[in-house]
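Shared between the two complexes below is chain A, which pairs with chain B and chain C, respectively.
Here is the complex of A and B:
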């Protein structure tokens, strides 16, 4: 039977039972919208966690001493050769920064806290959260800046403020304690209080002077595209032979596993919800077949092939599914658009911060996921029609006459 | 199609004049009607069973994991409740202390609601060994009481838990960084109460490993009295950690205990101590709820569809029933009873499978394989015991009962508009 005729026949059959098929389309649309909206939330969450992790002084790739993770300190520093970045000529790099990052103790007149002292070249920090910080007071002027900036929360805890001095104590490369006083240039507001409590920034050369070492503890890179990570890893590995060149997924395994969970989540939710739906779909299709026993028998008597009967049921099922999915996806887009700019989730702020997500949360509706849902639904539509189609093929002209 | 069933069905007619039939007869007729199209009933009931199964399993695991999360999180350090000076939670500095610590501790221990109580003193200090040093939180604890409120003492990997008055219990990560071994001396220095210098010498007698490197690197425990004297705190404490019988009672117990507390001191339940825990549970519960609502809505729609088909197919039959004197209300009732029977079948299957599965798993628990990293970060226990309760097992069936009845009722209401003559003319 020509496809056009097949489609026409199935289409008309569907319209013979508007209410029933309308309910099915509604159910499918509801399911698809629900799954897609949940998915946009999960995708948004995963993307925010990934961005926050990368922003959080990690970058796409970081070069560190193999012993640094277990024993962070300038003793695990290194001196990158001049011009190492030439090795990455064929990978588009958004930016890179060399930093000295050591655990330190910071003391005000009243309080003492443990922090991470980070020596930076502010001009290079557009690649991290430091580049977009709002600083109360003054930001660091350069790698030579001898002042510090600290988190607003830490300033509160230390009962100190901009312009006052703090004493920082840390270990030099020889393991001996170094201590020096620094004036606070400014306090910063980060998305997370945890960041504010931990990171104290100053010029890279200031830290080098305190530690009496020209070494850095990390080189962090941000690429133009996350897809280039494997290539960049390989090329950097050749330059920094004795060092660890790590992708963010290795440095932040929890975040990486959350991103993975979001990938699987779509499939799990889809099959859970659609599983419940298939019962209803099969039901409607079988009913449609059983109502048409006379008609199908007659068609067979007139010479219609069993294959065409099967095709007709499959096409009907697929049409219902397609209508439902298209409506569902459209509804999902409509529901998503008002929130595409972001949702204020400050009510859940502590959890969000713990998971590295900002208060303004942006859901993400990804075209790739919509395509996946669409294709899966077509497959499911065909699968759901198998039993009804088999039932339809079994109808013989004799059955029809007996009715 | 079971023609025999139709033949067997007794003619539906009530006592003359009333136009209604007894409920027993209704039930029998409805039950037989249901099996006139066995395939459809099985498919619809299958949908009900499937979604009941999913909802019960998900809900049991979800709630079970919350209890596990709460127990793990509160059992690690915070306890079910804490008594603190009013400002200490927001501003944990040495000066924000409870003055008569031991007296208050004794009073709290006498409360019948409290199973265990332990005092703590905390101060930030520089921990040094020879020339190497590290900043961390020094926690003064009662070596006897502390193990009853916190799991940290059980995470011991080497040595003993605070056997002497000058013992220190140190994280393995910190020990590695400082090059410490059991028996080594460490010097602790911080800011004491009145801005003076707090200093004390301890011997490392035990090492712990919680699996969270940051935590292991940033805290150490030493005996309470040593910290109290080093920080000039006298009998003061910063926290009195309390355990009730069950984490879920914490809020109620805290409310009962609050009036008896001295001025300037307050009690916080774990809800307030670990706000991120409650929020995480709420967020998870909301996303779970969306799935349940979708599942129930979709099944309700499929039941509605099934009954729409049924009602259409039986127009003739209904017309005849009305023609011979049955009230439309009686037919509506019969269809609703059919929906009820459908629900009974679906629920029986879904509940039988899911209840027995949950009963088994509830006892054994399910390990979270491969997620140890996340388990550590998100305060998850290593095994989830699904919660088996009326709520987790009963909610889905009951909500679906309402959904099914409504889904049966709406198409059934069409019967009231049925004109017997037209209905009888309808083609079979």
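Here is the complex of A and C:
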């Protein structure tokens, strides 16, 4: 049967039952819109969580001592060779930073808290959240800076403020305690209160002097593209042979799992929602086919082959599905655009921080997801029509025409 | 020697009606020569429509052999049977059976489209056939916009436009008034005489029987007289 005739017949048949097919198209469109909008939220959340994980001093890749994760401290430090970064000539790197991060106790006149003391070179911290921090007071001026900056929340807990002194106590490489007093240069306001409570920053050289060690505990790298992680891992692995070179997914496995779930979330949501809808579509198609069984029998009596009858039912179903999906995708885009710049969730700040999401949450509508939904829907439309089509050709032309 | 378009030998067809066998045809021997206008006549349940259906490949006999234009129908699968109907047989049904979403011209072109005839030739032949049946002015109308007689004319146009070797008409006058039936029969007779179309009708309408050149009477699934 010529395709043009097939399309002509199918198209006109759809218009015979405008209301029924219109309702079907509307139902499909709303389901697709729902799937896409939920997906934009999940994609946005996953992206936020990934970016937050990478920003929070992890980077795309981190080099650490093999025992550092189990027993973090300067005893698990190392001294990178000068010029190690030359090994990454093939990988575009946004930046890298060497840090000393050790567990410490911080004391004010009134309170004591456990924190992570991080010695940094501020000039290299554009790759982490430290580079874009809002600081009340002064930021660190360099790796030699002897002052500290602490989180605004920690400052509240310690009942202290900018300009006052705090005592930091930690353990040196020899296992003996070291302590020193530091003046607060500024307090920072991060997206997450958890960060403000945990991280205390000072110059890398200052920490080295405190610990009496030139070692660092981590080298963090941010790449231009996350796609280059495998290549960078391989190249860094060759340079830091005795150290662990880990991707952010290994360092933040929970976040990586959530991102993976978000990737599959589209399929899960799609098949739950559209799966239910397909039963409705099959039912509508069976009704439509049985209403026209006499006509379909007549077409076969005139010489239309059974497979052409099947093709006609399949094309009609596919057209309904296509119309619904296109309308649904268009509606999803229309609904998404006003929120594409981000949604202010500061009213739910505490909850969102627990989920690793910042106050401004940006949904993400990805073209690839739209293509996947479109293709899956066409496949589903064809599958949904096979049973009604089979019923249509099971009836002999003569039986069909007698009805 | 007369060329036979249709040959039936010992054709039997039995249906199961609530587990009771109904013998619609009992060993029928029947042949139709090229250019004949045959009327299968008989009361309801005599087997005339069943015989027409098995000749047209719409039904299969339980026993016996049928050939149409030399092709053994029993040897054909469903798709091959569809091809036989498409290329060699024209059907006119009691209820017209036009495709409701297509115009008169598109209905007439439908079979040619299935056959793969190109658009220009299709249009020319469809309009020519509608013209010969006095229906050209209604070429753009859909079935719902035409009377019963007009629809039956379009059905005939669709059946003959491809020059089939055999035209089968099942109770073609059943839904028509006397005047329209007369016009329809004149038309069939003209097609038979002028174009040599072989026609077999199944009817219990004496008016239709009167127009046929040969009448075959059936009763209880058997041919009782010719």
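Basically, the second predicted complex is superposed on the first by the 399 of 403 C-alpha atoms of A that agree within 3 Å, B and C clash if a C-alpha of one lies under 4 Å from a C-alpha of the other, contacts with A are read in each partner's own complex, and residues count from 1 in each chain.
The rule we apply is simple: a residue touches a chain if its C-beta (ideal position, glycine included) is under 8 Å from a C-beta of that chain, and two chains touch if they have at least 3 such contacts.
Quick caveat: nothing in here was measured; it's all calculated off a predicted structure.
J.: Sticking to the clash and touch definitions up top, decide whether chain B and chain C on chain A clash or fit.
T.: Overlaying the two complexes on chain A (C-alpha atoms) leaves chain C and chain B fitting together cleanly.
J.: Looking at chain A, which partner touches more of its residues: chain C or chain B?
T.: Touched residues of chain A are more numerous for B.
J.: Just checking: does A:5 make contact with chain B only, chain C only, both, or neither of them? Give me first, second, both or neither.
T.: In the superposition, A:5 contacts chain C only.
J.: Have a look at where A:302 lands relative to chain B and chain C in the superposition and call it first, second, both or neither.
T.: The answer is second: A:302 touches chain C but not chain B.
J.: For A:16, is the partner it touches chain B (first), chain C (second), both, or none of the two (neither)?
T.: Second partner only, chain C.
J.: Between chain B (first) and chain C (second), which does A:177 come into contact with in this model arrangement: first, second, both, or neither?
T.: In the superposition, A:177 touches chain B alone.
J.: Could you say whether A:263 touches chain B, chain C, both of them, or neither, answering first, second, both or neither?
T.: neither
J.: If you stack the two complexes on chain A, which partner ends up touching A:41: first (chain B), second (chain C), both, or neither?
T.: A:41 sits against chain B, while chain C stays out of touch.
J.: Quick check on the superposed model: minimum Cα to Cα separation from chain B to chain C, whole Å please.
T.: Minimum over all C-alpha pairs: 11 Å.
J.: Do chain B and chain C touch any of the same residues on chain A, and if so, which?
T.: Dual-contact residues (chain A): none.
J.: For chain A, which residues are in contact with chain C within the complex?
T.: Going by the criterion above, the answer is residues 1-2, 5, 9, 12-13, 15-16, 295, 298-308, 396-398, 401.
J.: Name, in rising order, each residue of chain C that touches chain A in their complex.
T.: My answer: residues 53, 56, 58-59, 78-79, 82-83, 85-87, 91, 93, 97, 99-102, 110-111, 113-114, 116, 158.
J.: For chain B, which residues count as touching chain A in their complex?
T.: Its residues touching chain A are 39-40, 43-44, 46-47, 50-51, 54, 91, 93, 124-126, 128, 131-137, 173, 176-177, 190-191, 195, 218, 275-276, 279-280, 282-283, 287, 290-291, 294-295, 297-299, 301-302, 304-306, 308-309, 313, 371, 373-374, 377.
J.: Please name which positions on chain A make contact with chain B in the complex.
T.: 19-20, 23-24, 26-27, 30-31, 34-35, 37-38, 41, 70-73, 103-105, 107, 109-115, 156-157, 169, 171, 175-177, 253-254, 257-258, 269, 272-273, 275-277, 279-280, 282-284, 286-287, 291, 347-351, 353-354
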